[in-house]
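Take a look at the structures below.
Two complexes, one shared chain (subunit A), two partners (subunit B, subunit C).
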Partner chain A sequence: MASIEFKNVTKQFDKTVVIKDLDLKIEDGSFTVLVGPSGCGKTTLLRMIAGIGPQTSGEVLVGDQDVTDIEPGKRGVAMVFQNYAIYPTMTVRDNIEFGLKNQKIPKEERERRVKEACEKVGMTEYLDRKPGTLSGGQRQRIALARAIVKNPSVFLMDEPLSNLDAKLRVQMRVELIELHKKLKTTFVYVTHDQVEAMSMADTIVLMNQGKIQQMASPSVMYKDPDNLFTARFIGSPAMNVKAFEDGSCFGFRPEAAIMSKEKEDGWFKMQGTIAAREMLGSETLYTIRNEQQDTFVVKSGDDSHGVDETVWIHVPREKIYIFGKDEMRIRQQDDGYETYMGKVGAM
Partner chain B sequence: MYKKKQKIAGFIGVIAKILICLIFLFPFLWMISISLQTATESSRAPITFIPASPQWQNFVTAWNMAPFGLYLKNSIIIIFSIVILQSLVMVPAAYAFAKFKFKGRGFLFGLVLVAFMMPVQVTFLPVYYMMGDWRLVNTLIPQILPHMTNAFGIFLLRQYFMQVPDELLEAARLDNASELKILGKIMLPMSKPAISAIALLSFVGHWNDYFWPLMMTRADAVRPLTVGIAALKDAEGNNNWNVIMAGNMFLVMPLVLIYIFASKFIINSFTYSGIK
Partner chain C sequence: MEKGRKNKKSRHIMRILKPYLLIAPAILGIMLFTVYPAIKMVFWSFYDVNQLNPAKTKFVGMKNYVKIFHSTDFVKSLKNTGIYTLWTVVFIMLCAVVLAIWLGRKKDKFSKFTQAAMFLPHIISMISVGLIFAQMMGVNNGLLNEILVAVGLERCQWTQSSSTALMSVILVAVWKAIGYYTVIIMGSLQSIPDSIYEAAALDDASKLTTLRKITIPLISPQLFFTLIIMTIGSFKVFETIRVMTAGGPNNSTNSLVYYVYQQVFTKYDIGRAAAGGTVLFIIVGILTILYFALLSKKVHYQ
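After this line comes the complex of A and B, so read on.
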């Protein structure tokens, strides 16, 4: 078990600065998900912890120790890769055992640990198979077992589920949460999928263009975003946003809007026609467009409205978020909040 | 109609394949035939294809005309030294070129390509003088040492190594494996087909090498089979072709045997798939 800390870390590829002066502390035993659009630097951070893509300057600490000069294999970390990175010419057993053999661990202990790791991921009967005969999900389980068997103090995972089909991905998500509970080790998980981040993390680190946008628990991320990027990135469908003339804007979540045929009470009110309707089962998504061509998505439990119908949408005052010109959130206690709220109410 | 057309096309294909096989096989079969003929049969016109009675003693005659045991021994020492040394140089070189970034990599790889394109006739004279200075001419060493590097092999193996995903090497490094272990346990097992193909090509090429050993040697004691067999030819042109062809069989048979043994291995290693 170990915490991880980045101190003033910069990473350059040739002349391009990908990450500049970044500070971040990942708590011991947490399930931290680094999430963000592609190219945001999340995988770069992970590779720094592993030591396979070291930082250009600054310090990376694993368990309070600066690991800059420590080889990847001696950092006490294990990594699971997106394309599994299973050694194709070795059997499942040899794959899992390889790291232990390199650490010169005696045979009996090796066998015991391989067996335990295999039981945790449910791959015991495949020990003598070659990876070529296994499915994607089974390969990813082997990759997990290969990480577990090393008893690492930190688990690093680089989009481990993105090569799996949708159903298996949901199942593996649950398994990973349970695994984290069982092992009680620090998990650092990289993904571009905010749903994965929301469902698995106890702490989300949202990144964009090499900078941390917000670091918080999933519910704070969702309910109390610090800035427009976070508000738009977390949540599906994304938050509805409408700009004021001065470049600042306000937004509301699709499920915060109430939809009806007649005009009702609400701080923000708008009339529009339904441009598209997506029935998802328990809820329905309506895309609504008004005469100014503003488009809003509304998530509703009521599936009785049809395309081209004219409807009203209403959003209560407490469900409206205000963002300044710099895209930073303007909260209730901040200057200008009431002015902007007034503008929304007068629309 | 379409089915009929397909049938005809298939038939033409089979005929073409048989023809091509015959063209390749003919010199070989003819060599076997002559090696079993009498001296008169072998120099008679029109050509005899099937000997009246197989003259097996031709092989004994040929074997006794020159120290073939010695030639064979030399050939075997030379060929195994070359193939082993080439592998020892080629594998780490290809690994470095494929998977490491270092200063001068492009330039050095350029040198390898230049070496690959350089004909032997350009280099044999300087090499000969160099070996002369070192007093190594007329030994086995000049027949081995200059062939230690296989530029074509380095090039081919590098291409092959480059297809191995970097994540595999990174996973191995996280598994605390040394570079030597990564090379031996991951890269090499994955590259078996490429390595065996390169080794086989190199084996056949150097086994049949005539010009280079001829230049570098004067005494029977250090000559390989190719040069020895050429010595069966009569200086005055009264060639006993049946005996010369029997001598050629000594040269070819080991290759045929190795091919029969190795082809199965090579085909097996090629059927292995799934690098990713």
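After this line comes the complex of A and C, so read on.
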């Protein structure tokens, strides 16, 4: 068990600065998900913790100890790779045992730990198989067992589910949450998929262009975003945004809008025609366009509307988010909030 | 109705024949230039061949084989070929693996230049290489001896002495082939994903353990391939010996193929030559089967 801390960390590849002066603290025992678009630096952070892509400057602390000069194998961390990185020439048992052998752990203890780890991921019957004969999901489980067997204080996972099919991904998500509960160690999980982040994390760290945009629990991320990037990244479909003349803007989530044929009450009201309709089952997504060519997406439980139909959408005042010119959120207690709200109401 | 059935039948025959027709040119070539000469060689090895008067050619059974195995020339050339093969294969294999690991990890200009420089000998013809080395290995005015003298060592007899001649030929073969095999092994090294090495680093594996347990097993198919190709190639050594030593001095560099060549072109004894060729054929065949049987168990195919 260990917390992780980045102090004033910078990472450079040749002359490109990927991360500059970053500070971050990951709590002991948390399930922290680093999420962001590709190239945002999330994997770079993970690799710094592992020691396989060390920082250019600054300190990385694992359990209050600076690990900068400690080799990857001696940091007490285990990592699950995107492509699993299973050793193809070794049997499942050898794969899992490899780290323990290198640490010169006696045979009996090794066997006991391999057995335990295999039971946790349900791979006991495959111990003597070669990885080549196993499916993607099974290989993923070996990679997990290989990490578990080391009793690491920190689990690092680099998009471990992205090579699995959709159904298996959902199943493995649940299994990982349960595994975290069982092991009670720190999990650091990297993904570009906000759904994965929302469903698994107790803390989300959202990154963009090497900077942390917001760090909070999934529900705070969704309900109370600090800035426009967070608001647009978290939630699917993304938040609707409309700019004011001065460059600031307001937004509302597709699921916050109410749609009807007649004009009704609501702080923000707009008439438009349905440009596209996607039936998802329990809900339907409508893409609505008004005369100024503004496009909004509305998520509705009502699937009775058709394409080219003229409808009204309404958004209640408390569901409207205001963002300043610098893309930072303007909250209720901030200056200018009422002015912008007034503008929205007058539209 | 009748015609339709006929059409269907001929189409069916066509479908069966088509693949055979398509491979026919290649098979014809192999038959004509590989299989036929091989059979003919084995056939002749049982005859006392008279080239001037074919009517006098007669069946002699195993007599050619008995003769060559009783001649010191043939036994010596067999032994030389074995020694030559062993040393070239061991040398090239070790050097190529070490060089490939050393060069493969770096991507700077120096390493690229080294790679290109090392590959260069492969595209030069063996005859030219042999001639150039013969000159460089001259005892009194050769470049190599000048260097030896310059650093205060004694002159080496190189191809002039029966104790160093075979080693000289081996040296040339190693020099010529090393770059090619290094490039092959480097290619296979580069196909190993970085994440495997990163996983090994996180598994606290030392450099030696990583090499032994991960790198070598992963490139074993290519190592296996190079081993077979090299062994077979070495058994057929001819050009360097033809140009540099002509089998001498005192038969110390005579090889199987050169022996066969001598029998045909200087002794005009086709029967013995064919017997020698057949022996080579059998040895290479056995080696190939042996390699596949023994090593394929230890080789990993992805």
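In the analysis below, the second predicted complex is superposed on the first by the 347 of 347 C-alpha atoms of A that agree within 3 Å, B and C clash if a C-alpha of one lies under 4 Å from a C-alpha of the other, contacts with A are read in each partner's own complex, and residues count from 1 in each chain.
Quick note on the criterion: a contact is a pair of C-beta atoms (placed from the backbone, for glycine too) under 8 Å apart; a residue touches a chain by one contact, two chains touch by 3 or more.
Keep in mind that this is a model prediction, so the values were computed, not measured.
After superposition on subunit A, the partners subunit B and subunit C are seen to clash. With both structures placed on the common chain, the touch criterion links A:24 to neither subunit B nor subunit C.
Once the two complexes are overlaid on the shared chain, A:61 sits clear of subunit B and of subunit C alike. Judged by the touch definition given at the top, the superposed model places A:79 against both subunit B and subunit C. Of the two partner chains placed around the shared chain by superposition, subunit B and subunit C are both touched by A:102.
Judged by the touch definition given at the top, the superposed model places A:183 against neither subunit B nor subunit C.
With the contact threshold set out at the top, residues 50-52, 71-74, 77-79, 81-83, 85, 87-90, 98-99, 102-103, 132, 146, 150 of subunit A are in contact with subunit B in one structure and with subunit C in the other. Within the complex, the subunit A residues that touch subunit C are 50-52, 71-74, 77-79, 81-83, 85, 87-90, 98-99, 102-103, 132, 146, 150. Across the complex, subunit A is touched by residues 193, 195-196, 198-206, 209, 213-214, 217-218, 220, 300, 302 of subunit C.
On subunit B, the positions that touch subunit A within their shared complex are 165, 167-168, 170-178, 181, 185-186, 189-190, 273-276. For subunit A in complex with subunit B, the touching residues are 50-52, 71-74, 77-79, 81-83, 85, 87-90, 98-99, 102-103, 131-132, 146, 150.
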